[in-house]
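Every chain is named by a letter (A, B and C) in the order it is written, and numbering of its residues begins at 1.
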Amino acid sequence: MTRVRQQGGDNWRRIRAIAWKDLTTERRSKAGFNAVVSLGITILVLFGFALGPDAQVLRDAAPGALWLAVLFAGVLAFNRSYQVELDTGALEPLLLYPGARWTIFTGKLLANMLFVGLLLVIVVIAGMVLFAVKVPDAWPTVIAVLALGAIGLVTLGTFYASMASRSRAREVLLPLLLFPMLVPVLLAAMQASKALIGADMMLEAGAWIKMLIAYDIIFVLATHLAFEHVIEA
Amino acid sequence: MTAPASSSAIPVPKAGSWPLFGWFTLAFMVFSQWYAIATSPADRDMGDLQKILYVHVPASWIMSITFALVFVYSLLYLWKGKDSYDLLAASSAEVGATFVGLTLVQGMIWGKPTWGVWWTWDARLTSTLVLFLVFVGYLALRAFIDEPQRRGQWSAAVGVLGSINVPIVWMSVRWWRTLHQMQSTPQTMDPTYRNGLLINFLAFTLLAVYLIRRRYEAAMIARAAEMTSQAAALGGH
Amino acid sequence: MTHPTDDVFAIEAQSIARRFGARWILRGVSLHVRPGEVVGLLGSNGCGKSTLLRMLATLLKPTAGSAAIYGHDVVTEADEVRRNIGFLAHTPGLYDDLSARENLEFAAEMLGGGHEDIDALIERVNLSHVRHERVRGFSAGMQRRLALGRLMLTKARVLLFDEPYSNLDTDGIRLMNSIISEAARDGGAALVVLHELAPAAGLLDRTVTIRDGRVADPTAALLAEAALASTAGAASTASTASTASAASAASISVVA
């Protein structure tokens, strides 16, 4: 019993150490985060041009534009998270620490969650201003939807980047693997956001939220199970 | 201290009676297509356009089979680590991608006269396209990785996750938009069409089994040849 | 922690082999290292030395054959093996944007140990003056010292070093040698991949030469050891000529 608790404590320490290390290196090379956020906002502006200046059209398209901006900008973050390990061959020492290797994945997942979470907050605020979206009455639920969508996005993004970042043509491989897999998350998050911003159809949003929860649980578990096989190869 | 680096490390599967099976499948396919087309009357609304049903629906059925095979063989590879499971998963994915591509093209050919457009964001068409892209990602990953063990492990992980996602994609796209006609399953169908469809399900299944098997043989032979030439070059056993 | 008994080898490899795709890099190598031994691993570039080391370190799975560290199989008991080995690769594997001390703190967290020894370790690898500076500005030799400090945190008993002397100055070489001989004295062992024997003079108990993915025939190994002995004698002249290549040249003449 104490051994189990000891192991749990060790795993938690490792998760925390990885997340701290990723966030610290990210914070110190500020260029990374600023560039990614700038890209996200640029994409929003481009969507504005593509959809025309009509306020109602923009408002209707806002959830889709927001999520795509976060998706395209976030993809850069996922590969970066492994680039830190690969630049100086730090992945090998990481694999040589005794103990469970899924903790490496969990740590990176938490760090990327924070990274993408901040990105999401900034892009959403920018998007609400640019696309003239009012704060919806159901804003706590909107935040929950954003968080659930982000979990799905970051889980699969962090997982696929562990392969793509170590392959040839990583820039194209990650989106190619990731985007089709994320179709359910994007649909659910966009539709739920749209329903909530439209301040109606609580029922419809509820169904999408349930789907998001199921998706998140399934893929958080599956990626943790598969990570050991992927990282050792 | 014997080197295990012999060329016989990979057992090459024997063709056996599979070529015969291939000829039989071909004959059976010709028969079942002829049977289906000959016995079914022209549809009240769609006329002879309805005949595409006998290639379209079985082709999309093969898609489900191959996804299931990719899932099973990928799990087996992760569990047992045998090369053959990896190559079987890959062969299933290649055959699956081909049939999904066919399904999409047939859907568009059917859609043009029926809906008046080549493409519509109908639930089944859209989810089939998304699943096609999942297959493409799987095959692209394999193409980008040279080291077989790494390729095997990674593509197995991608194959398992992709297969898990199939029902979720299906459901989410369906919720997103449903304006397709009721699903064409044998139960909801006039018996005059049903037999033709059933026999073609069987024919297409045989075809998929044959193609996967032959593709797998070719992949194993290619790998064994690679090893033999390498062993010869090194002057080993 | 298990304690070594006399009949357990520190490192034991049985016909271990590895291929990358169709290419056999290692074609069946057997190797036994007793506790207390320091063994040099020689061979030309691409002969499979590093591959052997990485398989012993659980970073690569053998295609065939098996290996064990203190009786723990490198595949089935990989975690126990990782508790016993210290692996030093070509690349230092440090985080550029963390300071020297933070790099070691991170390692201590990952190992589940305390932070008490860290300052002493930094002192030992002679980096106290830059402990709070980021690794990005370190020279290659300083990075290697820090990697050595991280390795000492693991309290590893079996050292697997891949060309540990590159980029090190005389002090660094002395430090490296003292760490290796301390490990051997405490009942551990070391397998060191070398390109030149000079820096390891007086340290090695014997050498093993790998050629074409196999252990080279004993004659060549003997010649290499003879060369080693003569280098050890001539160590004071501090010749940096590659005795490894001299040894392989000698073995070629024997074959001819």
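Operating definition for what follows: a residue touches a chain if its C-beta (ideal position, glycine included) is under 8 Å from a C-beta of that chain, and two chains touch if they have at least 3 such contacts.
Treat the numbers as computed from the prediction; the structure is a model and nothing was measured.
S.K.: Quick check: more C-beta contact pairs at A-B or at B-C?
M.R.: Taking the two pairs in turn, the one with more contacts turns out to be A-B.
S.K.: Which chain has its C-alpha centre closest to the mean of all protein C-alpha atoms shown?
M.R.: A
S.K.: Report the chain whose CA-based centre is farthest from the CA-based centre of chain A.
M.R.: Of all chains, C has its centre farthest from that of chain A.
S.K.: Report the inter-chain centroid distance for chain A and chain C in whole angstrom, where each centroid is the mean of the CA atoms.
M.R.: That gives a centre separation of 40 Å.
S.K.: Taking each chain's centre as its mean C-alpha position, how far apart are chain A and chain B in Å?
M.R.: Going by mean C-alpha positions, chain A sits 32 Å from chain B.
S.K.: Give, as an integer number of Å, the spacing between the C-alpha centres of chain C and chain B.
M.R.: Chain centroid spacing, chain B to chain C, equals 49 Å.
S.K.: Would you mind listing the residues of chain B that make contact with two or more other chains?
M.R.: 149
S.K.: Which parts of chain A, given as residue numbers and ranges, touch two or more other chains?
M.R.: 232
S.K.: Going through chain C residue by residue, note those that touch at least 2 other chains and give them in order.
M.R.: 61
S.K.: Help me check something: in the complex, which residues belonging to chain B touch chain A?
M.R.: My answer: residues 78, 130-131, 133-134, 136-137, 140-141, 144-145, 149-150, 152-154, 156-158, 160-162, 164-165, 168-169, 171-173, 175-176.
S.K.: What residues of chain C sit close enough to touch chain A in their complex?
M.R.: It comes out as residues 57-59, 61, 79-80, 82-83, 85, 87, 89-98, 102, 106-107, 109-112, 134, 150.
S.K.: For a test of understanding, state which residues of chain C touch chain B in their complex under the given definition.
M.R.: The contact residues of chain C facing chain B are 15, 17, 19-24, 27-28, 30, 61, 63-65, 212-215.
S.K.: Would you mind writing out the residues of chain A in touch with chain B in their complex?
M.R.: Chain A reaches chain B through residues 156, 159-160, 163, 167-169, 173, 176-177, 179-181, 183-184, 187-188, 191, 207-208, 211, 214-215, 218-219, 222-223, 226, 229-230, 232-233.
S.K.: Could you please specify the touching residues of chain A with respect to chain C in the complex?
M.R.: Those residues of chain A that touch chain C are 10, 13-14, 16-18, 20-21, 24-25, 28-29, 84, 87-99, 232.
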